[in-house]
Amino acid sequence: MATVALNTKDRIANRIAKELKDGDLVNLGIGLPTKVGNFLPEGVEVMLQSENGYIGIGPVTEVDPDLVNAGGQPAGMVTGAAMFDSFMSFNLIRGGHVDATVLGALQVDQNGNLANWMVPGKMVPGMGGAMDLVVGAKKVIIGMEHAAKDGSPKILKQCNLPLTGKQVVDMIVTELAVFTCTDKGLVLEEISEDTDLQTVREKTEADYIVSKNLKKF
Amino acid sequence: MATVALNTKDRIANRIAKELKDGDLVNLGIGLPTKVGNFLPEGVEVMLQSENGYIGIGPVTEVDPDLVNAGGQPAGMVTGAAMFDSFMSFNLIRGGHVDATVLGALQVDQNGNLANWMVPGKMVPGMGGAMDLVVGAKKVIIGMEHAAKDGSPKILKQCNLPLTGKQVVDMIVTELAVFTCTDKGLVLEEISEDTDLQTVREKTEADYIVSKNLKKF
Amino acid sequence: MEKVISMEELPQYYSDGMSVMVGGFMGVGQPIEIVKNMVEKQVKDLTLICNDTAVPDLGVGTLVVNKQLKKAIVSHIGTNPETGKQMIAEELDVELVPQGSLAERIRAGGAGLGGVLTPTGVGTVVEEGKVKMNVEGKEYILETPLRADVALLKAHKADKAGNLVYRLTGRNFNPMMALAADMVIAEVEELVEVGELEPDEIMTPGVLVDKIVVCGKGE
Amino acid sequence: MEKVISMEELPQYYSDGMSVMVGGFMGVGQPIEIVKNMVEKQVKDLTLICNDTAVPDLGVGTLVVNKQLKKAIVSHIGTNPETGKQMIAEELDVELVPQGSLAERIRAGGAGLGGVLTPTGVGTVVEEGKVKMNVEGKEYILETPLRADVALLKAHKADKAGNLVYRLTGRNFNPMMALAADMVIAEVEELVEVGELEPDEIMTPGVLVDKIVVCGKGE
């Protein structure tokens, strides 16, 4: 495979894809997280779950008005896909049957708290299935750009936006860094090849430990 | 239709059948209650529900190992029958979607309490779906012989066997009498053609009011 | 017990101020034609229970734009800016419910339960004003039942007895809503004779469905 | 990720003292061949979660007769006199659960809930030792989740990815149990290729099923 320069979002998606294991049931949020499906390592096949009631999201081959993804966009299905109702969909999500979910974030903090569903007075899209996903999925991976558009940090000591879930995040992946959320707090596990510890430190408000085995990605 | 003398159980079933309305969803217990289906008045069609997961019990036309009733006996299905799982079956039962259930009893009392699932130290079949049926069905009709085999009363001031449900019975039909359970207590609504008030009084321990419109059946 | 009715007969089941559950997820699996009829008839002060408020020009989204709602109990309003606008202007009361909890509450309402204990929303604004319980060391929120006066479903096929079959992601909230309303009306694409649907294929038993309106595939 | 295994490979998933959910209602929709294998292998001290204990010579009934159970969590034991006998002799701990509450508890266990509030059993021995709550003037019992180490299901058809289809009243408790155990094994009558089952026809998604044993129609 020829090496091509990836844009920021693709780089994040590409790194997250390495966290998924063959056979996993995975729920990808709208936006950046959806891209993760494009970067699965060879030999890794995952089944994608959609909140609106199916397992086996696939490429769109023809538009079927009865087949959309959780964003309401035309979707396809893979061979072996299974359909069900919203009730069963959340039995799966809340019951720990989803191995990993990848979601975007407005803010994450060093306690693993996540805020991604509203900005009071400005934007209230609603939580949709996100609050269920973060308490139910075995692994909650946040994929987002490291800082907000105005440069302000998104990885904070404490979220100040309304939470989606409390102590729910397992991993944060940005274009600069990979953090895991542990009992001891955030651990910086990896930094990207074109950054350095100093830059990450400057762009991150949260306290974190630098892993002894810090890697580059 | 020629008039034929009915035996005790058939007479009870025949009287109960008149309580069912066209289009009702009905759950019939094992034993005597099952017979109610044989006596539906002309023009009255009901759908029978089975706890193990279907609506539309019908006559057995051929034995299918995958098709049994709630007693585990071979069953049939009518045209338009619908299958589902036990979870959905009890959504229907508990959620008030069953219009009437007909059950047998060991004891019923004047407060509408029912005991029909165990005799301590002697017989503990278990409650099966009965406890759900009595709280969920819109109308709970007890069909039973008026007295126990040893002649002791079964319609009591107070049940002394473990209850199936508290204040759940709407109507009691025996070969001698029809009682309704009201806020004011039991009301004797009808007596059978071949008995009299004195006999019913002697065979009934419970207090009851005799309806001003007492009828014969 | 004729269940099949025409669109013209439908308005007798509408009343201003009623609560109405509407199946569908972003308009898919939604009884679009019935909703159009409700817009036409200007039924107002509705309490809508639905997954989302769709988009401004589709399904329940048009009820929002047309200001026919008093309250919306939904999990998502982001695709219909009009909902947020009316909410901020305090013209519309919006109760946002996590999608899984919405499904649970509707099912609880339809199944005779007093509620369910869910971990969803613990530590968030969702828990405000709700009973919390600790079961075996874990915190849960008690989510209570939802019911409605009328449920409006969309099915792919119905037989004349009201047995329903949904197609692909058109299923979503429809089967649960069939349990949780006093009057259940289904818009269907295709009507078949009783007996044409396999017993194992039926997704909503006909006893739950009061009325059927046959609309074809819609637009 | 090969899911299809032979009966000979099955005993690696057994262990003395394990809890096991077994689908079926009076033996119908029950993995009879797997249960036979468990009898043969003399797995013991089992906690059985099942609708009933069937009859002495069928399915889980034989586990009772063969004294392989330590505890049974069931709604009905009346058709297997051996269960009552062992219960009265205090050789077997029997927890009788109303059938609807049993379905709820298994679903709660499989769906990550802390429990459900049900009116079933209020005012009876079923409420003893349980939390009771009043919601809007009505009394409810809190029924808590059930899970098991292993769930043994019976399906009519499976594809190689584990997607299952049940037939008629063989469905019963199977779909709920598929959610509520650490290891889910299905005995199936017929195995088909992935893609041969319609997405809308599948009743249990394959992701829930770990292993499949193909047994034909049994006896």
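Quick notes
The first chain written gets the first letter, and so on, giving A, B, C and D; residue counts start at 1 in each chain.
Criterion: a residue touches a chain if its C-beta (ideal position, glycine included) is under 8 Å from a C-beta of that chain, and two chains touch if they have at least 3 such contacts.
Because the structure is predicted, anything quoted here is derived from the model rather than measured.
Ranking A-D and B-D by contacting C-beta pairs places B-D first. Centre to centre, using the average C-alpha position, chain A and chain D are separated by 35 Å.
Chain geometry summary: the mean Cα position of chain A and that of chain B are 55 Å apart.
With each centre defined as the average position of its C-alpha atoms, the distance from chain A to chain C rounds to 29 Å.
Each of the following residues of chain C touches two or more other chains: 104, 107, 112-113, 118-119, 166-168, 171, 199-200. In chain B, the residues that touch at least two other chains are 54, 83-84, 90, 94, 135-136.
Remark: the chains found to touch one another pair up as A-C, A-D, B-C, B-D, C-D.
Listing the residues of chain C that touch chain A in their complex gives 25-29, 51-52, 55, 74-79, 84, 87-88, 94, 96, 98-101, 103-104, 107, 118-126, 156, 166-176, 203, 217.
Per the touch definition, chain A reaches chain D in the complex via residues 22-23, 25, 47, 54-56, 77, 79-84, 90-92, 94-97, 135-136. Put simply, chain C touches chain D in their complex at residues 104, 108, 112-119, 131, 133, 135-136, 138, 140, 142, 144, 165-168, 171, 199-201. Taken together, the chain A residues at the contact with chain C in this complex read 50-54, 64-68, 70-72, 75, 83-87, 89-90, 93-94, 113, 121, 123-132, 135-136, 162-167. Per the touch definition, chain C reaches chain B in the complex via residues 1, 107, 110-113, 159, 161, 163, 179, 194-195, 199-200, 202, 205-208.
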